Amino acid sequence: MTDTITRRRIEVLADEPLMQAIERLAATAGIDHFTLLPLLGGKGRSGRWRDDQISGATSKVMFMAVTTTERADHLTDLLEPLLATHHLIVLVSEVEVVRGSRFA
Amino acid sequence: MALDALLQPVVLFFLLGLLAAFVRSDLAVPEAVAKTIALYLMMSIGLRGGGEVADSGLTGAMLIAAGCGLLLSFLLPLPAFWLLQALGRLDRTNAAAVAAHYGSVSVVTFAAGSEVLRSIGMAPAGFMVAVLALMETPAILTGLLLAKGGRSDALAARGGLLHETFFNGSVVLLVGSFVIGMIAGEKGFAPIAPVFDDLFKGMLCLFLLDMGLVAARRLLDKRALTLRTVILAIALPIANGTVGVSLGILGGLDAGSAAALGILAGSASYIAVPAVMRLVLPEANPGLYLGMSLAVTFPFNLTLGIPYYAWVAQHLHKVVLP
Amino acid sequence: MALDALLQPVVLFFLLGLLAAFVRSDLAVPEAVAKTIALYLMMSIGLRGGGEVADSGLTGAMLIAAGCGLLLSFLLPLPAFWLLQALGRLDRTNAAAVAAHYGSVSVVTFAAGSEVLRSIGMAPAGFMVAVLALMETPAILTGLLLAKGGRSDALAARGGLLHETFFNGSVVLLVGSFVIGMIAGEKGFAPIAPVFDDLFKGMLCLFLLDMGLVAARRLLDKRALTLRTVILAIALPIANGTVGVSLGILGGLDAGSAAALGILAGSASYIAVPAVMRLVLPEANPGLYLGMSLAVTFPFNLTLGIPYYAWVAQHLHKVVLP
Amino acid sequence: MTDTITRRRIEVLADEPLMQAIERLAATAGIDHFTLLPLLGGKGRSGRWRDDQISGATSKVMFMAVTTTERADHLTDLLEPLLATHHLIVLVSEVEVVRGSRFA
Amino acid sequence: MTDTITRRRIEVLADEPLMQAIERLAATAGIDHFTLLPLLGGKGRSGRWRDDQISGATSKVMFMAVTTTERADHLTDLLEPLLATHHLIVLVSEVEVVRGSRFA
Amino acid sequence: MALDALLQPVVLFFLLGLLAAFVRSDLAVPEAVAKTIALYLMMSIGLRGGGEVADSGLTGAMLIAAGCGLLLSFLLPLPAFWLLQALGRLDRTNAAAVAAHYGSVSVVTFAAGSEVLRSIGMAPAGFMVAVLALMETPAILTGLLLAKGGRSDALAARGGLLHETFFNGSVVLLVGSFVIGMIAGEKGFAPIAPVFDDLFKGMLCLFLLDMGLVAARRLLDKRALTLRTVILAIALPIANGTVGVSLGILGGLDAGSAAALGILAGSASYIAVPAVMRLVLPEANPGLYLGMSLAVTFPFNLTLGIPYYAWVAQHLHKVVLP
């Protein structure tokens, strides 16, 4: 049986223009590896958005990284003060990975 | 003339888009295509403007127009900022963000306006494309100063605000295409003219269909606008556009170029500026500034504003140079 | 004539698409682009049809054609429904869903058919585009009545069935472009003709390449079709098309327009109707109705059906009006 | 350390034409905020699908909402009768969110 | 209350050209039903990638299947020897599904 | 001549793309559109090549060119493999993967090169398009043999290596369009010429803008290249291209077709081959082979390589056939 190890999956939903900044914050928290997922639309406190907008300014992207609890917590701490002002959503969940060592 | 302008396919497709969204039809132009048409429009505008400048050579009028454009983009946000707070009842941050949009410019308004001007024998000079490119950025800087007197946001600093502002995709493509148009000249442009000249108006139809859909959906989805902000979204382009035309005429530009300067001054950005604002003034409400610029000012300019600026330019020109 | 029609690039690219998918090549047209070409084709068809009607003015033939079209779309699902149950061995729901597809129409079949008719000197009248738009929806209503005698689904009601049906994107765009074409007239159309006229056949090639890929992959991926349903997917267009042509000739239409009416009657929807069916008859099998309309009837019409309808129209026209 | 709170992530995979109806069902269950994710293709009991289809009728979208257990259960109950007829897939998992209050 | 049952969600992030092969491996493990999700970009040990590349060769896709623990383990075992050479990422997590029986 | 070639809009847009990416602008061409333009370019090249062959009929030169092309694609990877190990210090697998890329061809380099050759009165024969299609695949087989002497990977076998290689989308579309061009002839091509002929150069501009962006971002993102591999990425096209031109001249091809053969030999694949390599040689580093072919060799060929191959062809032709 293949060995698996438990890690944290941290997901940050944010506006596309903010993504580069979030990648750098993640690097500060020691999270160098990540994946970006496209989103189609949604609805939140600031209303409905769709990605078929002329201005890409309000289209959103999902940042996803699998990492250790410490680093996930660190990134969460770094993002916390921005949640309200920047309309971010941060989700953290458990995930098992094969070859845990690479998901430092 | 206004009615004529209104009955052009370009405008009719915009109205069709509005209508389709209002009856909640599922009509939609895929985002990838809309983005590409935006790139195409900028390439085409840049190439044709650069080609004309290559023909005409550098002139004094060019420098005057560039100076006027820079001035307008830097300064127009100031009265707007004040009006938006006083009459629009916006807070400092939102007023600054909206003001930046109205100081900057809309490429598609310029494109549609140039076609209208051309069709009534008032074709603007080729160098107005360079003015368009020059006017995109300064208003952003003024807006940021108004918002926070130079304080910088932790996240914005990381995100590379300066790059977003100066090496913004649309500025780079517009300037780059303009330079390529200058280098290529008429002979170099000929083989690519079937794409960048002949297809222009048709592509604009497709793009404006999408603009109509997006503008109307924005109005339906987000109720960020008040009566006061809607009125300002019509008053600001009228005021800014009149200032722009007047400055152009006083500076000695031909009526067509002055009208184009008015169109630029009267138009509001909805691509370049919002992207920067989400990064550096995230507290500002995108529903507000995109609602005003995209859903009110753009339709106003496309239908009534452009003919109005042209009319002002014609009459002022007669008055000043009788 | 049939062979000539088969050897046109438009058809050859469809066959290339089929072939590429059958040898399991990874060739694919991105979805965003395929959707945009579909929009383009509808805009182009609408604009050109409207332009022709602006030239010719409203005529009696127009009303007759419209009446015939509505009648066909409302009634053709009835015999189809019966045949699909009796010979196709489908249950009530699936038979109703498929019948709705065959009462409605395919825009691309109409587009390709019009080009063929034009190339053999049987150009259909411009108002046939309006008939195309009129025929999209009624069959859906008949199909729903056949399926459940008016009972409505909880989810469908929430999803806004009426909007999906009447303000369907393709209907709105087709009708809107037709009206714009009428308003713009020849003079307004000229500047956008390089896009909406000159590019039409080339864009059709690209679209049909994709149709071929999608049709063949559908056949390979889902094995929802039986020999009986395949036979019906060829018999229904022949029967419906013959009825359409005959009705057109008897109604006094010219041979080209009657042939176009036959093409519409013989064609089956694969864009507008499936979207509604997923919502209101979710129990019906999309593998079945898309398999029949897209993977069998469309290729049949494109290659053999169109020449056959043209042939019937020519001969009936001679018999009736010697 | 930033406070997190546990919520439910409910995901509904459905045909694109059904999305509007699902948004309304979710609103009935008290779920007003959600995100839509694009999907590329897949395979289920009704065979293979790909999103490079001419007819958007069979392309699928993922509805995702982070909400309380009660509301997630409520939406699950509302969707349950439609699962078979409408070919929906409903997935529910645990997720930690920062600033839990907004994920009512 | 609707009955739910716990299953495993297995996610495999891989290069697009490998997807067909992964579908077949999954079938070998008894996993016939799956969904593919698009990805926009990311960063890993082999550097940054973006999907706006001319050559689709390095764009990546997410394979996602909800299945039993046994089958998920079986697929993990099959993928394990390929992880290093083929740059795959395998994530496994828990998920509750309605009508568990269909997620064999 | 070289400077002239460099100042064409097509090349200037490539340089603009490079520049935009280097200043880290957010300019980007949506992937769906870039993929479609690639399809368009292949359809256009195929159709026009096939049309010319339909006009000229089958000739002996065609067979010679086909033979030379196959030979080059099969054999050019051998010296490259050796050089990449000896001088480039690559391991066996990476050397084999890179060698396969240089034996195969780049459609866009061929397209841009043909335009340059045409503009200087050295238009290559239409059948060179068929040679282009023939040369895509053999190098892949040689590369695989070099890498593992025929051993097959478990995953690759499942993934259907043979299909990826032989029914690769670009090969199927190129060959298919070529055959359609032959069947359609001049008369069939006329109605689709506005798309597949007139738009060609403009579309190439848009595509090369994207190539520039992608090539520069690749250089910035991944630092897989060493000085040695960069030098080889310039030396290999020069060597291969010179061999290709010489073989063509010796085989009796006209100067234009020989230059085109040189362009094919000197170009390196960055679409078809990488996709196969990810599947069958996953251990090979894509940063390396895409970096070399896309970010070094492509820009080199576009700017200096093409004029050089043309120059060699002109001079050799005079020497051999004085």
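First chain written, first letter: the chains are A, B, C, D, E and F, and each begins at residue 1.
As a convention for this text, a residue touches a chain if its C-beta (ideal position, glycine included) is under 8 Å from a C-beta of that chain, and two chains touch if they have at least 3 such contacts.
Just so it is clear, the model here is predicted, and its values are computed rather than measured.
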Co-neighbours of chain C and chain B - touch as defined: F
Chain separated most widely from chain B, comparing mean CA positions: E
Distance-maximising chain from chain F - centres being C-alpha averages: D
Separation of chain A from chain F, taking each centre as the mean of its C-alpha atoms, in whole Å: 39
Length of the line joining the C-alpha centres of chain C and chain D, rounded to whole Å: 34
Rounded Å distance, chain D centre to chain E centre (Cα mean): 19
Multi-partner residues of chain D (each touching 2 or more other chains): 37-38, 93-94
Per-residue multi-chain contacts in chain B, two or more chains: 28-33, 35, 160, 164, 194, 199, 275
Set of all touching chain pairs, with the criterion as stated earlier: A-B, A-D, A-E, B-C, B-F, C-D, C-F, D-E, E-F
Residues of chain A that touch chain E when the two form their complex: 1-2, 4, 9, 23, 32-38, 61, 66, 93-99, 102
Residue numbers on chain F that touch chain C, as the complex places them: 30-33, 35-36, 39-40, 43, 47, 160, 163-164, 167-169, 172-173, 176-177, 180, 183-184, 188-189, 191-196, 199, 275
Chain B-touching residues of chain A, taken from the complex the two chains share: 15-18, 20-21, 24-25, 46-59, 82, 85-87
Partner chain E, residues of chain D touching it in the complex: 13, 37-45, 60, 62, 73, 76-77, 79-80, 83, 89-94
In the complex with chain D, residue positions of chain C that touch it: 28-31, 34-35, 38, 155-156, 158-160, 164, 210-211, 213-214, 217-218, 221-224, 270-271, 274-279, 282-283, 285-287, 290, 294
